[in-house]
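Can you read through this structure? Questions will come right after.
When the chains are written out, they are named A, B, C and D in that same order, and each has its own residue count from 1.
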Amino acid sequence: MRLHEYQSKQIYREYGIPTPDGIICTTINEAEQAVRQLHSAVIKAQVLVGGRGKAGGVLKATQDNASSIAAQIFGLTIKGLPVRKVLVEKSMAIANEYYVAIVLDRSTGSPLLMVSASGGVDIEEVARTTPHLICKRSIDPYMGLMSHQLLYMAKKLGIDDITAFSKLIRNLYNIYETFDCTLVEINPLVLTQSGHIIALDAKINIDDNALFRQKAMQELYIRNQDDLEPQEVQAKKLDMSYVDMEGNIGCIVNGAGLALATLDMISLAGGSPANFMDVRGGADAFHVGSAVSITASNPGTELLLINMFGGLTLCDEIAQGIHDTLKKLNIPVVIRLTGTNQEKGWDILHGANVTVAHSTSEAARIAVEMVQ
Amino acid sequence: MRLHEYQSKQIYREYGIPTPDGIICTTINEAEQAVRQLHSAVIKAQVLVGGRGKAGGVLKATQDNASSIAAQIFGLTIKGLPVRKVLVEKSMAIANEYYVAIVLDRSTGSPLLMVSASGGVDIEEVARTTPHLICKRSIDPYMGLMSHQLLYMAKKLGIDDITAFSKLIRNLYNIYETFDCTLVEINPLVLTQSGHIIALDAKINIDDNALFRQKAMQELYIRNQDDLEPQEVQAKKLDMSYVDMEGNIGCIVNGAGLALATLDMISLAGGSPANFMDVRGGADAFHVGSAVSITASNPGTELLLINMFGGLTLCDEIAQGIHDTLKKLNIPVVIRLTGTNQEKGWDILHGANVTVAHSTSEAARIAVEMVQ
Amino acid sequence: MSILVNEKTRLIVQGITGHVGTLETRLMLNSGTEIVAGVTPKKGGKIIEGVPVYDTVQEVLDEMKADTSIIFVPPAHAAEAIFEAAEAGIKLVVCITEGIPVKDMVKVLPYIKDRDVRLIGPNCPGITTPGGARVGIMPDFIFSKGNVGVVSRSGTLTYEVVDTLSKAGIGQSTCVGIGGDPLIGTSFIDALGMFEDDPDTSSIVMIGEIGGTAEQEAAEYIKEYVSKPVVSYIVGISAPQGKTMGHAGAIISGGVGSAREKIRVLEGAGVSVATSPEDIVEKEKIL
Amino acid sequence: MSILVNEKTRLIVQGITGHVGTLETRLMLNSGTEIVAGVTPKKGGKIIEGVPVYDTVQEVLDEMKADTSIIFVPPAHAAEAIFEAAEAGIKLVVCITEGIPVKDMVKVLPYIKDRDVRLIGPNCPGITTPGGARVGIMPDFIFSKGNVGVVSRSGTLTYEVVDTLSKAGIGQSTCVGIGGDPLIGTSFIDALGMFEDDPDTSSIVMIGEIGGTAEQEAAEYIKEYVSKPVVSYIVGISAPQGKTMGHAGAIISGGVGSAREKIRVLEGAGVSVATSPEDIVEKEKIL
């Protein structure tokens, strides 16, 4: 689960990490007033995807042009998500920019602290081309951050105020631990010309698996559903997983690995997926039916490819869900159904207007032929 | 550092562990009134050594005999320590007695939780003769207590109220962790006839090395100095270590191992140490001088054996401290001084009335001969 | 022979009284797996599918022998269940539970590492040795006895591959689902090492996917230590990138988690990389 | 040869700017030990006894090679100093500091165990290889080069034993003080194993004392793995019992921490047990 920048910054402030003065706005008028209040400001689109800067979602504004800049940003749709909120923040006189993040490191099984003096610019590019400019240290989860690590990193970054830097990183790790984060990131962390260290941007990702014990995050989770694509939200509510793509074949599969295999085979056959829906293991008729409805509701979807391997999930159960839902829809369907009770399942689908395939490859081939 | 029972119980109560109603008293009169207030009570001597029960320091009292029982206990000296305080506690109707302790386990480097249904009686005897009656579980210091451990132990003890038992043990571990304990022990933990689980006795030992970060314990440490032998207190104040024994040869040694070797050699030579003072490494003239004064002040000491191996500690420095102090004392001294600047040290002691030895064995032999 | 589980396996089911725990217990019993006891705290004394239930794993081991445990405990308590099995002396713990907080696994893994116990999963379909024992939730009907060792991060994709192999007459020695979570107890490398040492395994199928660097590490290992032929299948070539992980994910891995990169490294290590389950069969046939 | 330290040792002194750190640095330099750098946070840039001072161990290793570190950092920060050295990649950490809270060591030991680093101490006098290097606070003048390996839990008693050996013409290969704290990084067993493998060591002197069961475990190990003759000296036969530990201490150890018990077990393992430093010399002479 990803938080908005403004939500992350609120948590940052509660945990003692300084951020610029800022006002969250939902209308052009509010944004204009906010710029006036802050004098010189930056207007930042609040969307739950990356790359908003490149999409024109972060712009400077003066009191004179605030209204038109705000209108421009509110008019954007970034990776499918309309801009519904903007954060208006006071401009900062910046002396230096840094990159700081704490992220779960799969290879060691520990949180990893990463800092770089090359903040602000494209940090992924830095990682690829000049990885030595990123300084990394494992955090022993039992010991926590140690002062020698912070001292070393502050010196690497050329930060003189070691106390302020150490306190900020300790606070950031406190957030990481307290909220079951998988990522906390500040890019850029800035040193202002007046000598203060401030988080200019703020990112927090929460482990979805830990939401059951993070009450405050559950509330944000519910509130943020309005800012996500409706299919994704509906899928998550049913404990399924929906991902939007560019093509025209909608995929409904049980299991992430089989879903990826299905996408690959569509591509190999010359086709292009519109999205994919992982209904997870153990799904019942209701879940599978809902998956079909949600996936079909995406405007780009011209055909549904349903690929199910029934183990714990029973094929007759799946077939019933599909059968009942398809009655209400008018979309071509290719279906591959294998596993426990497969004959019963095929019987149920016999009357329906679906094309049956007997392997993932065959299903992909037929689907691609049908949409061409 | 060892806490008094009444001090341990106060911490227990603050951390949610039930203890009997009790009143701490410093006079016979107070104790008598306390017994009257509690009706039926037990009077318990508060001394900072073990074995007070066997020494007659724990007795039942009624309103009729309270005064004489209190007088009897206040009249005791247990292992050299006079009884200055007693804890008067309400008598309990006991259904069952258990033993519970958390202690640092050297072999695993973790805290160890130990419980036994054979509480109240001599638990060391149980450990020696029927060790299977003691159930032990390592506590992973990163994970803490786990509920399956508590469930298993409660069932082993035959305790039905698993929730109350689990809470009590979790609270006990919380104390262990919070105060840098090396031991927390309840012997006996009792199940009353009314079904409550109560700590009838309470022991807490604190890691001396951690006192610098345990402010509350530092205060108790200072307060408890009145209840210890004066030599021990004076030694601790100077970061030295004094242990009282039964014989007549006072030993002053630098280093615990060398001190133990010195005691052994005195015994081998047929003598008996009065005490030993470990002045630790790096002691200076002042420390060594103080060590001589303190050791000599013990009434049983008839002769001083000073055994120093100077490494970091310089022999001339040691010799000066001894020389200056001996001027004020009238006690025979055997001294063995080896190491850095040993000749200078011998020169300094030349005029003093001391017998010089050249090895630990020789020093012990001479000392024993001299006191016989 | 085989790896990890066989006809001598004596299994405990942790979370046996839950819906899935009970259902899968019945299915495993049907497959001939020897289940000696179940464990659910405060449900001790019950009998489920003919299996006696205890409050704690230690109480089971106080009374009888068991070497393996399978965990169907809900996510909030699954990590403690792993600890419990390891502490009691179980040698193989198979954790089926999906949705364990990663922070809990951060605590579990060092504990496991310091002890003589192997963890499979979590979030995995378990282990099947056809004709030996089935410890997990893989459907019984897909398997046939043979000499191909299968190891996979996936669930249903594994079933599809095994099913395709069986239908083509290629049986399996053991099939291990190591699980799809970021932090898991047993890696490809561990499983590859076990298959290499297993006399009944003559070749290995390894099923991987985008994300992380487990397949690249496996490639390194295969080059160095695996003499048996390995066929690999990596999915996610056409998956959308960077939908979930921010910058930091790409920075750690140095951007090498793509399927194409994995395939390149595996081929560099002499691994035959298939493009579909049917292609795995083709490649196995010409070995 | 020798164990742990020798003329190739490149040493860092952590806590070099403190009183004892500076003094012992001078003394170690006088003994010919190669000290490449000192470390004290926020004192980087200083020069102490001709040795350059850095803020962190990592900064030293960014600039030069070092394999060993000695710690004179005060108790409140000593555990972090051990972590720092281990994290930076130091292979041998010798912690002299006395008075580290045991809870800090509870955290240090698993960290150390999981990494390729050896910790000696804490609360120990260090290691001396006569003619090689002296990493610690043992007085230089007591040593002479030879073939007896000495391992001890004690400080000054070790000096006395080594001095007695040297005066009797019996030189030492290496002398290791493993420290007297309840939790230490290197046990008798570890040191015995190293001496067994060291071609320059022909016999071993082990100095123990009352408390714990380290000597009993050493006896087991000697019986099984040590072919070289071992002379042991155990002190505390006449010490007063139970002054500090409560019941629980005796229960854990099962009451076997007494000196007599240790001597009994060691003799049972074929170890020659001496009654004084002079007796060690006698026993070494007739080997």
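Here is the rule we go by: a contact is a pair of C-beta atoms (placed from the backbone, for glycine too) under 8 Å apart; a residue touches a chain by one contact, two chains touch by 3 or more.
Keep in mind it's a predicted model, so treat the numbers as computed, not measured.
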**Prompt:** With respect to inter-chain C-beta contacts, which pair, A-C or B-C, contains the greater number?
**Reply:** A-C
**Prompt:** Based on CA centres, what chain would you say lies at the far end from chain B?
**Reply:** A
**Complete:** So, in whole Å, the Cα centroid of chain B is separated from that of chain D by 28
**Asked** If you average the CA atoms of chain C and of chain D, how many Å lie between those two points?
**Response** 45
**Request:** Express in whole angstrom the distance between the two chain centres, defined as the mean CA positions of chain B and chain C.
**Result:** 53
**Item:** Numbers and ranges of chain C residues touching at least 2 other chains
**Value:** 107, 110
**Prompt:** Which residue numbers or ranges of chain B touch two or more of the other chains?
**Reply:** 141-142
**Message:** Looking at the complex, which residues from chain C come into contact with chain A?
**Reply:** 20, 24, 75-76, 98-103, 105-107, 109-110, 125, 137-139, 141, 152-160, 163-164, 180, 182-183, 207, 209-210, 212-213, 235-240, 242-243, 245-252, 254-255, 259, 275-278
**Asked** How about chain D: which of its residues touch chain C in the complex?
**Response** 110, 113-114
**Asked** For chain C, which residues count as touching chain B in their complex?
**Response** 41-42, 55-59, 80, 83-84, 87, 107, 110-111
**Message:** Using the touch definition from the top, list the residues of chain B that touch chain C in their complex.
**Reply:** 137-138, 140, 142-143, 146-149, 151-152, 155, 162
**Request:** Under the touch definition given earlier, write down the residues of chain A that touch chain C in their complex.
**Result:** 50, 101, 103-107, 109-112, 114, 123-124, 127-128, 131, 134, 136, 141, 177, 180, 182-183, 185, 187, 203, 205, 207, 209-210, 212-213, 243-245, 253-258, 260-261, 263-268, 273, 280-282, 308-312, 338-340, 359-361
